[in-house]
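Order of writing sets the labels: A, B, C, D, E and F. Residues in every chain begin at 1.
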């Protein structure tokens, strides 16, 4: 099996900032990402849940981004730019990917 | 006064208020009763579409008059002015920081469409007519308050740097936010297709309307009750006082404006409702973007947990009674 | 007997039964037809709210009588007793472990609100009235069966340790589970606002009711069919026998109770339906928490895949016919 | 011709068209107005169930005649033939690869049920009757086009290997896809329960129908507008030309077929609509499985962004006008 | 880029136990977690899907929890307490996080 | 705490192919997986979102699969079989699991 090194960057970000983040990712030339719904959570700013809510003020999304290791740094710099003043967390794990030609 | 209390009591025992109360009670009792987000969103889309369409169709019926333009302009001014009053009051009455005060102020300048919908349905039940374009006024009042509040922040934090960011992208987002677009769009469709168009879809937008409103308020009760439960400690007595006083102040502004404009009794009542109500969808989202350092627990709890229930239960019948007394009808 | 078969046949060819059958068929044929979870939940909230409200409004109309209290108490007793019968039968008829038998027994003591709704709508169609508070009896019968079953487990597994955990937190969860709260809450709102309140939202809770029920049963058919497909092998012939016999036994208990209480024909029929039906929402969730070692494939398949369809197709017309014969009407 | 334009203008100003236009406008303006996926799915399930049921009930009323079988067969043939015409046209008019051309062709042989629903509702409004089983014809026309397109690919790519895979599993998936099963199932239920069954659930499937259709089209407008925005550059002028020309060609086939069969004016109009419309649910999904190398941006944009709006606004009134002229009525 | 070591703990747990787990996490002083919906799956207890279902008996949630490495052990002990008798799986991966002051 | 080595395989795959993938996983003897919804994303084939959509042509799912390290290779071979002609990405990370007797 032909596997390639990659970084799995997972950004849990406020729903209102999601579009700004993905726009920036695209501008940074990040060639792919997937957005997963988050239905609730808890942090220093308290507990929340999307149940029954209509507004977008509450709530986070999880943006998962597989990138070549050498691109991770630049990506994270950019993410921090959007994130600074906002709540949210970012984690990076070492991963292997199939079909690296797609990244 | 007696009759106002009677009206308030009658209002309190209507299905829509009781549904809201059920929701609050269930949340406080930590029942697992809940609505899926998609269903809440779906009901809100339905209500916006229906109320917008009916407003437009009614304008088509009664014709556009000079008052429409005047009311829209008045709405924009009210929405832009009320935040200054709210801000001053908050700084005097409470210990909120300038930032939090500005964020809260934005909510009170803007409007709550469900409060408007609930008031419309009470007016309907009492057989009091109103200008169909009040729904357009509601849409016009959503955004100016946000601009006013951001201006307040940029002034108060002078060289403070980061906060208070209003930019083109945010402005576009606010003006084109889903509820404004749907409300105005449905209003225009109702206006264009008129009575004929309304007849085609009346069985959808009118007959089940009040029932959907009940379920939606039940859900809002659940969310508000959960918010109150989580916000324990965030909201001081002074803040609660503000949350009860401010709608009355807003309503007075609405009353004066409506009377000066020469709106009908129902129109004045709705202008009071709009001025008295506080946003809980559009403005919170804008605040998260523009003033992320402001504490959402404060403004969401005040708007949804204090002022909304107050308006729903006591405010609406009070405003209608006052409008009836002042304007007649 | 001929007329019972006629009724059953007529029932079998009604839109609601055929919708359920369509769902089962689609699932067995592995069609990708499916309802989003949020839509299923939304329909179930609607049905609970509507049936609760209508029950309450009808009690407001007819007045509360001593029978209400008696029926509630009788319901609690039935729900607490039936599990013992079911448990004994399961231990005799099948090879289920004590744990699985107790878990299944809890389901049969509790009730299925959709079966109740379907029966109400058949009664309506046949012009047979019933006590509006039967909906409150339904709510009262949800939980006692769970307590009974957990007691059975704690007794049978003596020093076995972990299983059979009933504690305060679980008890609160069961008593305040969403469907009980919504059903009882809507019942109270209906009772408080009465005929007037009902008139306000009738176009929402009455007119489209049967249509929504059809779509909901279509969805239940899909879920039941998928369950049957996945459960191949889990359910022995003896278990199927139990799933068909137990509702008849439950119904007899309901018949006796209803007759002793002196309920109307419709009331007796509904008491039979409640006793005969098996929970598929509240009890399974409670079992996952309290008896996680019990096999959910067994109780879900029995309740949703065997007993529910049996009651829907044959049970309901049968119980109504028997009630009519015994009570008259 | 003047009256056709009048009709088209009237059609353009109906709530359903304006709702669609609102959606497109909101998406192009990058408003965040959107419907949850579950709500969109729920509305589509409702529309399929309602239209299927009403079709079946109307057949039960008028009785099955030889024409039903003939129309079904004709539908299958049309669906299987039109892809060849579309493919040839695409290869001549545009620069699409054989693979993309075949994928697009499959869409035009198959049908869009919303276009059918919208046309039915226009016919209803104009008081023009039609054969209830046209809904079954719609179902019959969903799949054959897919088989035809895959045959085209397997032929054109000869030894090319991987593409064009039709197998048993895929065939089953296509024939039992959710919308076919629901449409046919509801049709059968309507047919079995007839006028009586329809009366039971009419307040659900008829009264609110047009209103739900408005909201659904609003959502489709949002999705189509977003697609157009994302697809900038993918769609050449030649492709747009195809997207406007092909429905007219399809409609002519439908006209000829309907006239030869001897359908009513409404039936012919619907046959034209089915032939003219392009699938945007079943076929795209099948193409992703069977022809993953074909570019979805091309076929989705053409079908949903070009041909659907064309049919909705100009096509439907045109086809009805032509059918009325040719058949009379 | 200032990155900090962390553990990414992902707990796939029965929906009925979700509230119990998050309550316990809060009691254990876990300062943050996010809950993601799971729409279906398969395990030793069979296959399941949330499609069209109303009850909570079926179905799992994914609780994602980023913690300082030294806190992972205690967290896992606690999780095991809720999980013992229940179906569900827990995995831990080494991760790096941005803005460690938030954990 | 008794932890065991495992691989966390995350397969982001087209919704239309999800059933085919999970069927294959089952055939390969993969004893457990969970499917998470993905609500939008971006890749070489453009940007997408599930908002308001009815069809299944658009859209991806995330299949998460914890396996014993020695089984990962075979699993990935099988996944590639379903994936070859389709869009989608696969990543593998080293993980530790609790209760390894369940895998």
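The definition used in the following text is that contacts are C-beta pairs under 8 Å (C-beta built on N, C-alpha and C of every residue); 3 or more make two chains touch, one makes a residue touch a chain.
Bear in mind the structure is a predicted one, so any value in this text is a computation, not a measurement.
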#### Entry: Farthest chain (mean CA position) relative to chain E
D
### Summary
Farthest CA centroid from chain B: chain F
### Summary
Quick note, more Cb pairs in contact for C-D or C-E? It is C-D
### Summary
Whole-angstrom distance, CA centroid of chain D to CA centroid of chain E, is 45
### Task
Take the average of all CA coordinates in chain A, do the same for chain F, and state the distance between these two points in whole angstrom.
18
## Note on the structure
Per the C-alpha means, the centres of chain D and chain F lie apart by a whole-Å value of 34
### Message
Where in chain E do residues touch two or more of the other chains?
### Response
36-37, 39, 56, 93-94
### Message
Give me the residue numbers in chain B that touch at least two other chains, ranges are fine.
### Response
32, 34-39, 41-42, 207-208
### Task
Spell out all pairs of chains that touch, sorted by label.
A-B, A-E, A-F, B-C, B-D, C-D, C-E, D-F, E-F
### Residue ranges of chain A in contact with chain E within the complex
10, 12, 36-44, 60, 62, 73, 76-77, 79-80, 83, 89-94
### Message
Can you tell me which positions in chain B touch chain C when the two form their complex?
### Response
13-15, 18-19, 22, 25-26, 29-39, 42, 125, 207-212, 214-215, 218
#### Entry: Interface residues, chain B side, partner chain D - complex
36-39, 41-42, 45-46, 49, 53, 172-173, 176-178, 181-182, 185-186, 188-189, 192-193, 197, 200-201, 203-205, 207-208
### Query
For chain C, which residues are in contact with chain E within the complex?
34-37, 39-41, 44, 162, 219, 222-223, 226, 230, 280-282, 284-285, 287-289, 292-293, 296-297, 300
### Query
Where on chain A is chain F touching in the complex?
1, 3, 6, 8, 22, 25-26, 31-37, 61, 64, 66, 93-99, 102-103
